[in-house]
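Naming follows writing order (A, B, C and D), and every chain is counted from residue 1.
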Amino acid sequence: MLIGFVGLGAMGEGMASNLLAAGFSVQIYNRSADKVAPLVAKGAIASATPKLAATGADVIITMLSNDAVLEEITLGEEGVLAGMKKDAIHLSASTVSPDISRRLAQLHVEKGTHYVTSPVFGRPEMAAAKKLWICTSGDAQAIEKVRPVQEAMSQGIFAFGDDPGAANIVKLSGNFMIASCMETLGEVATLAEKNGIAPEAVLGMLTSTIFACPMYQRYGEIVLKQDFEPGFKMALAFKDMNLAQAVALKSATPMPFLSIVQQRMLSGIAEGRSDKDWSALSLASRRDAGLPLSRFA
Amino acid sequence: MLIGFVGLGAMGEGMASNLLAAGFSVQIYNRSADKVAPLVAKGAIASATPKLAATGADVIITMLSNDAVLEEITLGEEGVLAGMKKDAIHLSASTVSPDISRRLAQLHVEKGTHYVTSPVFGRPEMAAAKKLWICTSGDAQAIEKVRPVQEAMSQGIFAFGDDPGAANIVKLSGNFMIASCMETLGEVATLAEKNGIAPEAVLGMLTSTIFACPMYQRYGEIVLKQDFEPGFKMALAFKDMNLAQAVALKSATPMPFLSIVQQRMLSGIAEGRSDKDWSALSLASRRDAGLPLSRFA
Amino acid sequence: MLIGFVGLGAMGEGMASNLLAAGFSVQIYNRSADKVAPLVAKGAIASATPKLAATGADVIITMLSNDAVLEEITLGEEGVLAGMKKDAIHLSASTVSPDISRRLAQLHVEKGTHYVTSPVFGRPEMAAAKKLWICTSGDAQAIEKVRPVQEAMSQGIFAFGDDPGAANIVKLSGNFMIASCMETLGEVATLAEKNGIAPEAVLGMLTSTIFACPMYQRYGEIVLKQDFEPGFKMALAFKDMNLAQAVALKSATPMPFLSIVQQRMLSGIAEGRSDKDWSALSLASRRDAGLPLSRFA
Amino acid sequence: MLIGFVGLGAMGEGMASNLLAAGFSVQIYNRSADKVAPLVAKGAIASATPKLAATGADVIITMLSNDAVLEEITLGEEGVLAGMKKDAIHLSASTVSPDISRRLAQLHVEKGTHYVTSPVFGRPEMAAAKKLWICTSGDAQAIEKVRPVQEAMSQGIFAFGDDPGAANIVKLSGNFMIASCMETLGEVATLAEKNGIAPEAVLGMLTSTIFACPMYQRYGEIVLKQDFEPGFKMALAFKDMNLAQAVALKSATPMPFLSIVQQRMLSGIAEGRSDKDWSALSLASRRDAGLPLSRFA
C-alpha cells in the first residue's frame, strides 16, 4: 500500500515514521523542507507538492494546523485532491471543525475519492511511540480499508459512525476535557498554596488515587513544575476551544466550563503566552489569587 | 486498643465493620438505633451516648454530617470530649470545615487529649470493602499512633502536616475535583447528544483512554445511565462546595469552576433534586440545551 | 439630495419615513414588496433592485439583518455598489461586524465611492419617532456630508473616528450592555420573588432612583410583565452577542459577563425562544431557581 | 422627638447632621471620639456608650459596618437595647444580612421595643446633602412613626412590607446591581481600548443616552479616571456581595453575575486593593486583557 503524508510537524513526523517502520511506502510533503530529510533517511520519498504526494497513493494522510491550511492543501491547484486516483482515501488527522470535514467529504464523493476523518489524541512523544489514540468517522467501507494504516500509528481506534464531522467533535470534546482538567488542577493547586499546604502533596494524593489517569498525572506535574515549553502551544489549543464553541453554539449547547477555559486561554494570549504549553492556562488561577506567576522565582 | 465510633451512616457502618474485622474492640453510638444492632451482631458494644462511646477508648472516631453535628457531638454535655481519657485521640473523619478542626484541636489540647483530622474518599461500598483513601493532618505523634486504625479502614493514607485544617481542605478540594469531573462529563455528553453522536461512545472512548481513572469511569456511567439513587446526596455535596468556597473566600482564591459547580448544585436543589446523587448536577447541561431531563423517557 | 434606502424592516420603515418627512427624495428597495406601498404613499419611489435604488443617489442607506445580507446587497450583481455614482456615500446602518465594514469601506474607496458606518440604537417605535441614537465612524469628510441625513433620523449622533469598524464595535458594546442590564434585572427579580418580596417593588425602587435610565426602566417592566412579543428577536440579539465575542476574541479581551449573556441566549434558543424579545433571556434565572417560567400561569 | 445615633462613619456623620438641621435632638455615640466633636458643635449631645445614646430616645439609629458590630452594639451590656425605653424604635440603617434583622426584630418585640430596617443608598456626599434613598421594612406602625426621621435624612423612602429582612435584601440587590454595572463598564472600556477606540467616547455616548442614570455616569467616570480613593472600600463591598450570595444560596437562587462580581472583588482583594473604591473591580478586565492596570502610567 502506498501512502502519501502531508504535514510533518511534531506530530506528523512521528506518525510518518511509524508508517515507514510498519513497512508502508510513504510519499511525504512538508511546507518547510528541513522536516523532510530525516524521513527520507528512513526510506520516505520526498514529493515536491501535496498533489505529487497524493499521486498514485492508496491513502493520503494530512496532519495540518487548521481549517484554512487543510482547505488549501486539499483543494488548491497543487493540492491532494488534484493528485488522488479513483477510490483513494484522504485520511484527515488534523484537529479541525466538523464543518470542513463534512464539506471536504462531499467534494471527495463527487470526485470518486473518499474522506475519512481521523484525528488523534496524544503529544509528539506519544506519536513517536505509536501510542496515539485515534477517533474516526466517515464512510464505513473506507474506514475499514484504512484500518491497517491507523493501526500502524496508534494504540487504539474508536469509530463514531458515518458523519464525517463526528470524529472532529469527539476530538474537540476531548481537548475540552483536558483543558477542564488543567483548570481544575490549577484551582486546586492555588487553593492549597494559599492555605499553606504543599500543592505537590495535594495533587500527588489525588492524581495517584481517584484521579489516577494520564491526563491528571501528566498535567498535574506540568502545572506544578511550570514546565510550559515546549508543548502544545496555547494559540493552537485556543483555536480548538473556539472550534468546540462553534459546535456548541451551532447545536445550541450551553457549556459554562468551556466558556471559562476559552476565556482563560484568551487571557493567557493577551498576557503573551501564546507559545507556551496550553496548561499555562493554570497561571490565571495564580494571578487571580495574587500569587507571583512563577512558583520558583 | 479500644475504639469508640460515633456516626453509623452509610459510610460509618462499613468503617466500623472493618475495625471489628481487624480485631479492634469497638464501642459504638448512633443517633438512630437501627444502625446499631447489625454491628453489635459483629461484636461491637452499644453505647448510650457519645460520651460513653468515648469513655475508656484510646481512639474515638466521629463520622458525622456537618460542622454543627460534629460540634454538638464533641462538645455537648454528653459529647465525646466529656468522656475521653487523657491522651486519647479524637479521629475526626467527617467532611467538615478546616475552621472547626482547628478550633476543636485547640480545645482538645487544652483538655490533654488530641484531635486528628482524617476525612476519607470513597463511597459506601468502598468503605465496606476497606477501599477508602484517607487524608490526614494534625499532631504528628497522634497521627503516628492512630495509623493502625486508619489502615484498618483504608487502602492508603496521605498526611498533610500539622495544621488540623489541612486534611479538610484536601478533602474539600477532592470533592470539588469530582464535581468538576461531573460537570465536564455532563457538558460533553450533551454536546454529543445534540450533535447526533452517541454519548456512550464518546465517554466510552475518553474514559478508557486519556481519562481512564475511577472518577471519570464511574461517574461517566452514572451520568449516562442517570442512575441517581441512592448515592451521595446533592444537598450534602452542596454543603461541601459551600465549605470549599468559604476556604477560597477566606484565602482570597478565586475559583471559577467552583463557582459554577456550586451554582449547578444550587439549581439542582431549587429544582427538587436535593436527595439525588450529586452527579445529577449533570442534568443542568441537558436542561440548558433544551433536552428532556430523562434520556429514557 | 437624493437618497436610496434598502431594507424596510421594522426599523428601516420608520427611518425612511423620517427622511421623507424631512423633505428628502427617497428611492426604496425591499426584498418583500409589502413594505414598499406605505412608503410610496408617503412619496417614496419604488426601485426594482438595490442597484436601481442606488442609481443617481447621493446617499444610499442600508438597514439589513446581518453581514451576509449586507455583503450580497452591496456587492451582488444587482447590488448598491454597482449603481452608485462617483463620490456617493453608502450609509451603513445595520448591526454588523467591524470586519465587514472595514472590507466594504476599502472596496468603496477603490470604486471612488464612500462607506460610512452608522448603526443606530433604539427600537422600532423610537425609529418612527426620530428618537434613535446614531454612532458613526469612517471618512471624516463623508461623515460631514451625511450629517443632515443622520439628523433627519435621530435625536443625536456620536462620531468615533475614521476606522469604519469603530462604530460597529460601539453598537455591539451597547447591545452587550443592554443584555447585561437584562440579566441583572432577571437575577434581582428572581431573588426578590424567591424571598417573598414583590419584584415590582424592588425594581420599581431601583429603576426610579439610582438606575433611572431608559434601559433599566423599559426592560425592568418587560421582564416583570413577561411581555416578550413582539420585540427584538433573541435570534438576532444572539447574533450580536456572537459578533461582540468575535471582536473580544480577536482583540484578546476576556469578557465574563458577555460569555454569560451569550450562554443565556443560547439556552433560550435551545428552549425554543428564538422569536421572543431578547429580554426573555431573563427567564433563565427563573428556570435555574426552580420557578415556573410564567409569572402569571 | 429625641434621637439616638450610633456610628458616625462617613455616612453616619452626614445623616446625623441632617437630623440636627431638621431640628431633632440627637444623642450621639461613636467608637472613636474624633467624630463626635464636629457634631457636638452643631448641637448634638455626646453619649459615653450606645446604651446612654439610646436612653430616653424615641428613635435610636445605628449605622455600622457589619452584622457582628450591629449585634454587639445592640445586645452588648452597654448596648442600645439595654437603654431603650418601651415602644422606642431601633432604626437600623446598616447594610447587614436579613437574618440579623429578623433576629434582632424578634428580640426587640420580646423587650417591648421595635426594630425597623432602614438601609440607605448613596455615598457620603449624598448623605451630607440629604440625597440618600431609603428602603425600609418591618412593623408597619413603627415605620409610620419613624417616617419624619427617615425624611430628614433622604430624598425618598420605599417600603417593602413587614419582613424585617426584606429591606436588607433590597439593599443587597441594589449593591449587586451597582457592581454589575461596574463590571459591564469595565468590560466595555477594555474592549474599546484594545480596539483603538477611546473608552471616554464610548462610555460618554452610552451613559448620556440609553444608560443615562446616576450609577452609569458616576462609575463610568470613576472607572475611566481610575479615581479609586477615597470611596466605598472594596473589602466592605465584598462583604455585601457575600451577604447577597448567602441570601441567594439560602433561597436556592443561582445568580451567575453575582458569582462573577464576587470573584472579581475577591481577586482585587488578593491583589491588594481592599482599601480602594469597589469600582476598582473594573481593573480585573484590564489585567485579564493584558493591559497595564493604570491607564496613565
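We adopt the following convention: a residue touches a chain if its C-beta (ideal position, glycine included) is under 8 Å from a C-beta of that chain, and two chains touch if they have at least 3 such contacts.
Computed from a predicted model, the values in this text were never measured in an experiment.
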Where the centre means the average of the CA atoms, what chain is farthest from chain D?
A
Where are there more C-beta contacts: B-C or A-C?
A-C
Just give me the whole-number Å value for how far the CA centre of chain A lies from that of chain C.
40
Distance-wise, how many Å sit between the C-alpha centres of chain C and chain D, to the nearest whole number?
38
Where the centres are mean C-alpha positions, what is the separation of chain B from chain C, in Å?
53
Touching two or more other chains - residue numbers and ranges from chain B:
248, 252-256, 260, 263, 267, 270, 288-290
In the complex of these two chains, what residues of chain B are touching chain A?
98, 121, 133, 135, 156, 158, 160-161, 163, 165-166, 169-170, 173-174, 176-178, 180-181, 183-184, 187-188, 190-192, 194-198, 201-202, 204-206, 209-216, 244, 247-248, 251-258, 260, 285, 288-290
Which of the residues in chain B come into contact with chain D in the complex?
242, 248-249, 252-256, 259-260, 262-264, 266-267, 269-270
Contacting residues of chain D [partner chain A, same complex]:
263, 267, 270-272, 284, 287-290
